[in-house]
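Input: a single structure, listed below in structure tokens.
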């Protein structure tokens, strides 16, 4: 499966991003890593160009909260992205927040999977379960 | 009028600056209390100075933070700047500052110094009458530094390399050198009026598996670029590496070589200080463990014999620390420094010798670059990978060097890329590691080594 | 039947003991899990073992404490005995235990092991299947130790000197030697059945300005008295002195000399371990500072290269610690040990040489005493001040030696009393201190030095 | 003035006791230090024998709470001790307690001055104020 990943906004925390690339490779994905300092448009453009099924966004410095609000509106402008699995992880707020408050907010922004201060591999396990579940649902519906 | 002064007038003619009175500022610096100058404290103090990190958007909150720090017996106050100001986006900073003031909520991750202006900020600095250190991360810090000095902030952190390679992906490196040249000159000129303004380089870089030789080379080069312009008080710095011995060795070598290279450009008269950063890499989320890590950093700083320590808090992994947590670290660090007695003098000759040779080799390669000025030589050396910073997000950085930790957790170079360390040193570095492992295990080791303190 | 066995039967015929089944106990020790033996862990472990302190009156509360410790990743569990049992007052202990059980309030400051009995206590020890260390302070510990070993407790702290001079004012020292001889023999005999029982001496003594030479001499003598009787695994110990260098020197010298004196009495086959106590003197009342002190102790223990560390808690100055605070120290200490890497190897030859000479001089004076057995030589040496422990409350102690801290906070001897250190060493000790001060200032210095960590 | 001092019960914490002796000397008192491990009778006997005006008791290991209960009864057996100033200090409870609870309890046991976890010199300052106040009261009453 094809995955587009990167760190959103002016955030330059690159370490998790390097590990993300390694982990995704190890799990057999075809990875398109846009690196740090990547804007929303660039993510969606890349998803369209590569035909990726998954978009994995990182945010570490707290910026995501600002960018998140624009996700739905922007994504609506693109065709062919309706089935894109949208996932975000890292530090999803400025200061310290609680997952209970943060997750619903980001689901509302249009993310399927939200991992606030969750370890990379735990997050990627969740992703795989999510994809497997969706396949079952789809085949049931067809 | 000098070219520099012409440039200054353009810079300070910025619409966000409320008429900059050059003469008045000069007068202020000339008569400013010695207490405000960290260079003065470095001269007279016989203990390690303790400095936390911290910046809030409003004057009121910054003032309250300082009160907490003073209660905790702080030696040096920090002023951390918000990220809009760092990107010279004073418009957004202004808007966010107003929102923060009106709604009593923090809309900025630091103090927007340019918007507050020097007339206001100076009141706070002279009120507390303690040395203040400016922490930013700005490639074009010209306006910021003018405002800082006019406010009574007489220590400026950063540099063209250390504030660029870890902090930016696309900002042009050559421009950064030129903007910092301006900063050095302004600092140098003001230094003639009273005690010197202190410049400090940011040694932690990406805080992730950076080998000692790269850190030291960059410290030395930023020091030289600064002294060249007339700066008379400079701090080299580095952060806890994860191995006590490697830190001690790094401290010894950087202290020796900074004197050496300062003398080489006839700047032996400048005061060179050593600053140690408590662990700058990924922190444990368990706050009790974070405190252990912080105390251990303090012990190592004492073993290194640093002149100043910059602290972290138990909340580092979670988010921006509260003023309470921040002040608590200061009080704890002061207490620890007081009870750390009878420190042994540790010397590891073999490690010192290898590291010294590595630094000399890289420095020589930089100097051998055919360009005409030092900053151009350094620029070229970064561009062609003679200097290579692991985990830098910047596009100009080569990312060819690979480092891992040996059994004692020393950071070792296992792929040198284009960094010209000698075969002997390279062989020594690799010999410390177990390279018989397969690639997957080595990659797993690297992943583990990044989070070594977790 | 041997004389020892006769004595054992009298001791164990005590009205508070519910029929002691010698054969069953022997069988239990013979087949006991190796995990219960700390001597086994010393052999196989490659990290410092972490052991807290703690004892509660009821079985239930002690069990709960152990659960906390296990969650915190403890290596060695403690069993601290209440003070009635220490004074062989099993009647009062029984009454207080009943009151504690019935009213759910602690009426004892430790676990009354004899009253609980070995059949009950063994269930707890085998349930957790971790090595347990018995901490008491009892001059006549014969019944206590029999009960402990029968319960599965295979490390016994104490000794005739270290559990007497700091802990008692009037108990006869000669009797203490004889009672401990019994203990050593019982330990030695059981040691033949499975892994050896470990004996540990209590090096901290009064934890107040005790000079290294006195600590080491007492450690060596208790070790010899124990090995003489056939003990095969022994731990010498000392506590943080206040100077990192002095601790490192003490560690090096005690390690070297314990081997030396063990070999001298043909006991080179015994395993000798080194135990380090986190700061045992007066603690700061500020609990955050107490934690700093504790972390720094851990760093020093690592520099010393101890085999085991015994921890304190942030609540030390306030009162008996809660199980939460106690477990927290264990977790923190384990974390710290994990991140303490690349420790330098420190050697201070001059200090080592002086200390070694001091110890040899005192040991020689002890051996030169005309008495026929080692314990009588030691007894006489304490009585005539060849061994003198500062701040001992015991009437037999001379209290003539005076110690203060030098500028680096090393403990130095400024009045040697009757302790026979050579003039050269005495001059060296005094030369480190500023003795030109008047008496009042020196007294003030001593007062300050006692509370050095506050 | 004459002072009798020592550490009560089976307590062997001797350090504060040594400092106590030094401080009292420095303040000009005539000191009779009974040392650690001193029982109540011994304190009162010494007060009678020396004709001391002040009795200063230390307790560090928490034992005082047990001994305190017997003070009034025992003291009543002695003549000539009615004017003895009775002071106690150190750690006055097992575990950690609060001064508000502890002070009234010990006042009730018959102590004039109670210093739970109070520094020696602060405590001795209090003592001097107490004595000075009492002199004024006495001279007013006479």
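In order of appearance the chains are A, B, C and D, and numbering begins at 1 in each one.
What we mean here is this: a contact is a pair of C-beta atoms (placed from the backbone, for glycine too) under 8 Å apart; a residue touches a chain by one contact, two chains touch by 3 or more.
Keep in mind it's a predicted model, so treat the numbers as computed, not measured.
Chemist: Could you please state the distance in Å, as a whole number, between where the Cα atoms of chain B are centred and where those of chain D are centred?
Modeler: Using C-alpha averages as centres, the distance is 57 Å.
Chemist: For chain A and chain B, what's the span in angstrom between their mean Cα positions?
Modeler: Using C-alpha averages as centres, the distance is 33 Å.
Chemist: So which bits of chain A are touching at least two other chains?
Modeler: none
Chemist: Where in chain C do residues touch at least two different other chains?
Modeler: none
Chemist: Once you've mapped the touching chain pairs, tell me: line, ring, star, complete or other?
Modeler: If you draw each chain as a dot and join those that touch, you get an open line.
Chemist: All pairs of touching chains, please: list them by chain label.
Modeler: All touching pairs, sorted by chain label, are A-B, B-C, C-D.
Chemist: Write out the stretch or stretches of chain C touching chain B in their complex.
Modeler: Per the stated touch rule, the residues are 242-248, 284, 286, 288-289, 291-293, 295-296, 298-299, 328, 331-332, 335-336, 339-344, 346, 348, 408-410, 452-453.
Chemist: List the residues on chain B that touch chain A in their complex, please.
Modeler: Result: residues 83, 87, 106, 109, 166-170, 206, 208, 282, 285, 315, 318-320, 391-393, 440, 443, 447, 450 of chain B touch chain A.
Chemist: Given the complex with chain B, which residues does chain A contribute to the contact?
Modeler: Going through chain A, the ones touching chain B are 10, 12, 14-15, 18-19, 22, 26, 35-37, 61-62, 91, 93-97, 117.
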